[in-house]
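Structures follow.
Each of the next two complexes has chain A plus one other chain: chain B in the first, chain C in the second.
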Partner chain A sequence: MEAIVYGHFTDELELLDAVKALKNKGIRIADVRTPFPVHGLDAALKFPRSHLPKVAFAAGIIGGSLGLLFQVWVFTEGWPLNIGGKPYLSLPSFVPVTFELTILFAAFAMGFAFLLRSNLGPGKIPNILDEEVTNDHFQIILSAKNNNLSEAELAEALEATGALEVKHINAEK
Partner chain B sequence: MMHVSPVREPLINGEKSYNDITSDVMAPIKAKPGKLWYGGLTVSVIVMLIGFAMIGYTVWFGIGTWGVNRTIGWGWSITNFVWWVGIGHAGTFISAILLLFRQKWRTSINRAAEAMTIFAVMCAGLFPLIHMGRLPLGFFILPYPNTRELWVNFNSPLLWDVFAITTYLLVSLLFWYFGLIPDLGTIRDRMKTLWKKKIYNFLSFGWQGSARHWQRHESMSLILAGLAAPLVLSVHTIVSFDFATSVIPGWHTTIFPPYFVSGAVFSGFAMVLTLMIVTRKALNLQEYITVGHVESMNKVIIATGSIVGIAYITELFMAWYSGVEYERYAFMNRALGPYAWAYWIMMTCNVISPQLLWIKKLRRNLAFTFVLSIFINIGMWFERFVIVVTSLHRDYLPSSWSMYKPTIIEVAIYLGTFGLFFTLFFIFIRVFPVIAIAEVKSVARSSARKFLGKPAKNQKPENQ
Partner chain C sequence: MMEKQNIPDPIPFKFGKKLKTYLGIAAGVGLLALLIAVFVQQLPSERIWANLWMNALMFLFLGLGALFFWTVNTLGESTWQINIQRIMESMGLTIPFAVILFLVAFPGLKDLFEWTHTEHLDKILQKKEAYLNLPFWLIRFAVYFGMWSFFAVYLRKMSVKNDFEPHEKYLGRLRATSGWFMVFFAVSSSMAAWDWLMSIDAHWFSTLYGWYIFSGMFVSAVAVIILITIAFRHFGILPNVNGEHLHDLGKYLFGFSIFWAYLWISQYLLIWYSNIPEETVYYVERVNNFGTIFYINVAANFLFPFLALMTRGAKRQPLYLAVVAVIVLIGHYLDLYLAIMPGAVGHENASIGLLEIGLPFFYIAAFLGLFFIFFEKAKPVPENHPYFIESSDYENI
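== the complex of A and B ==
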């Protein structure tokens, strides 16, 4: 367990100001935990854009083409069905199934990618420091490991932003 | 953007803080269930079991136990199937399409409406399976490698339905559950007993509210909404293809896809209103699901109900204008034939009744809305009945003209799906938060009475 310092706010606007203040001081923020997605927090923490939409796009293409190719194969090679003398390769009637499979693959691939990337999943045990972060606490967590400051200095900087109940967890030697 | 609008009424009434939102929404999960809940669940389970028994009876003795015949092969079961699928559409419409349009009022009702979607689609999916008569062979509809090397017919709209409904059910489930994850974390942290904490932690996938997780969650929700929006439109479109691609007068029309989709959203919103007007009272959530929410939903009802009305009139006009005598006869027969009563119930409930909502007083009247929503549910059921039965009962060959009356078995199966639906709904309201806690909190700053007109101490004037 690394040495961390944490404190919370009870208002998301105060949290945003604090994040900006800490960033201006050049302090790295290990994690911010909030009860709901705070508008503008991603920008304040300078997060890069998520790649999940790309995963969805790629999986959608895969799902759609697999679906289309399978239908084409079934109706030309696998077991061509003569339906009222209509052409075997009737692409328009393959559209619905192709469309549905595109959506199905894209949605599920993105769901799994989200869980994998965020290290979430059934049975995962979270490291909860304050149970109120899922209620009304907006928590900032600083780690001594990725800052060149001591724990006391970090705690001081965090308290200066107006954070409440600043606490530390010492490193286990 | 912190745009404080003096014109819009708040979405959350009564000075609610973030903590109040959590505890109010969680109250039914923490409290011991009351007599009303036990009573409702017992009745639902009994009705469900009777329905299942009648499904068993049908499978055992065959489809002859139903009132369907050679002329009218699709009776109540397909009517019920289309009706239930339609009911489901409101949930996805609220959670996906209204998300893309950034409608903040969706946050109070999307969770329950989406749950309703899933339960309704489950009820819907039962009917085609039962109607095939041999439930254990239901898997024949899937393309799986088999010893006969035979595949399913990808040219058939009935098969498209299999894919559309399955995808719809799975994607709705995914969207709903992933939206629930943060709220399940909230419940976990409020639970006192260890085993409950463990169960909710398992269900919440270990959620801890990290900013990075929220960022991905937001990004994922937006894309899922973007995927679910065309999906929901495609589902009822494909259901309408079941009819529109045939050569039956009254079915063979190009207007069907948009007409079915708006009809589905129309009936779905009616069902959401029926349920939510009762639920908000029973669970004491009046401050979150306000009269303003009901009014917004009623506006959707006017819009979609009017589209449905125009579709009915267009159908009549085209039947006359096309000059096709069979088409003309089919519509004359609908309005004046032996099933005219069903047609006029449909016209009254679906075309006339929603127009009353133009009056603001009625739109904001809960008792009126509740009664009206039931009328719409009935009307939309009769729409499907008219389309299925009336179009079939007098076909091209007068010697095979026939009438159809459901047997008690069919009625019991239909009621049984209500039992299934309400059993699931009763369990849902005790186990999961009925309102999306995190989403409501995220719009509270801009839309809750507590914050309106009272800027927080650090708030700077921002560009609007």
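== the complex of A and C ==
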């Protein structure tokens, strides 16, 4: 594990100010962990846009077309049923299933893509640095490796932004 | 978080001469189209009355939808809408004036509504007579308009009072009255849709018709709010409106277009599936004789906004969003056309001509004229609202 320094905050506005202050100093932030989504954090961190919507769109198209094609096949080739004297290929009646399968595929693809991308999943042991993040603390994580600064300097910068507690995790551990 | 003094001051809106001239020309074009239709083209009377009726309804829907949108946001204590709240308030104030436009079309009620010919009602209409008779219909008409106008005026009054003498009691009244409006609107919007639209095809009925009309009304109102917001932002009247506000409005346009499509297919699918003649007659008429408009309706109101507004960038790009809003607005005008014309005019006489394209300009001019008058009367933004700062400085996730 690389050498990192992290600081805690108890208020999301203080956290946002701290993130902006660190960014202004040119310090790279490895990660920020929060107990709930913080508005404006992505923009403050200058993170690129997530690709999740594209995954959802592609999966939705696949799900919708598969659903539609399957119904067309079932009602014309696989097991044609005469329902109320309607033609076998009755598109209006395929709408609900197509709609549901679009949503099903998009939702599952988004869920799995998120787990995959975030390195999460069943049986994974999460790398929680401090139990307090699961309660009410906001955590800024700095890594010495990608900053060209010593840990002491990083800790100093974090303290200057008003972090409550600043802790080190050393590479040796 | 921003401080209040850092928020730019809005430029006070002035309903200037230039704007009045433009609206006057638009109104003239509309009236000219009507005069040509009556005296030169000599169109059948029911087509004239149906057009007056349709445009009056569209006029009302914009105000009523905006009032609904505002009260929903007030009730939900949403903060983002405070910067555009005055737009919705002013749109809501046009409701009392819609009465005049409806009254103008009143001499044509006999042409529009079959059930008003009390002398020869058939068996089905006789059974419906307890509800569909002219005196009761007029009472309901008065009650809807009386209540809607009361809510629009009262809510606006409370909102403006808070500007001069900020007090939480006004905000409390806003919230409570919004709740009562919601209760009344839930019933009255459905019933008004039966009274004014569904009873044109008096023998036919659909249980979700009120919701269907409501969803179209809401989308049209949101489209107009978007257009006015973008225009005001462009001219610096609402400097605090940023991409986030447009993003939120775009989400409403996107989401409720899908909601409209959901209700559209729910109504169509069940009638198509059960295949009962007394129900299918409605769609048979529209698919066979109004086929082009029938399919354009679905394309313009669902497929187009669904695909065009899907990405985040699309909802935040003002010009792009405005174009989508205009197309959706035209789409819902066609939706109303499809609801009224087949029943009231019939496919032999109905078509989209000079009257259908020209007359709306008069109503647009009337709507915008009233809107500007009311918007000018108060501050462009409720600066003393406690959520004002948050509304000027927030971000979508």
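Heads up, the rule we're going with is that the second predicted complex is superposed on the first by the 168 of 173 C-alpha atoms of A that agree within 3 Å, B and C clash if a C-alpha of one lies under 4 Å from a C-alpha of the other, contacts with A are read in each partner's own complex, and residues count from 1 in each chain.
Simple rule for what comes next: contacts are C-beta pairs under 8 Å (C-beta built on N, C-alpha and C of every residue); 3 or more make two chains touch, one makes a residue touch a chain.
Values in this document were obtained by computation on a predicted structure and should not be read as measured data.
Contacts of A:87 after superposition on the shared chain: neither chain B nor chain C is touched.
Once chain A of one complex is fitted onto chain A of the other, the partner contacts of A:53 extend to both chain B and chain C. Ranking chain B and chain C by residues of chain A touched puts B first.
In the superposition on chain A, contact is made by A:43 with chain C only, not with chain B. In the superposed model, A:26 makes contact with neither chain B nor chain C. When the shared chain is aligned, chain B and chain C each come close enough to touch A:13. Contacts of A:133 after superposition: chain B is touched, whereas chain C is not reached. In the superposition on chain A, contact of A:79 is made with chain B only, not with chain C.
Shared interface residues of chain A (contacting chain B in one complex, chain C in the other): 13, 37, 39, 42, 49, 53, 86, 93, 96. Across the complex, chain C meets chain A through its residues 1, 265, 268-269, 272-273, 275, 310-312, 394-397. Only residues 13, 37, 39-40, 42-43, 49, 53, 57, 84, 86, 92-93, 95-96 of chain A touch chain C when the two sit together in their complex.
On chain B, the positions that touch chain A within their shared complex are 1, 17-19, 22, 143, 149-151, 153-155, 157, 159-160, 163-164, 166-167, 170-171, 174-175, 178, 181-182, 185-186, 188-190, 201-203, 205-220, 223-224, 227-228, 230-231, 234, 238, 241, 438-439, 441-442, 445, 456, 458-459. Those residues of chain A that touch chain B in the shared complex are 11-14, 17, 31-39, 41-42, 45, 47, 49-50, 52-53, 56, 60, 70-71, 74-75, 78-79, 81, 83, 86, 90, 93-94, 96-97, 99-101, 103-104, 106-108, 110-111, 114-115, 117-128, 131-136.
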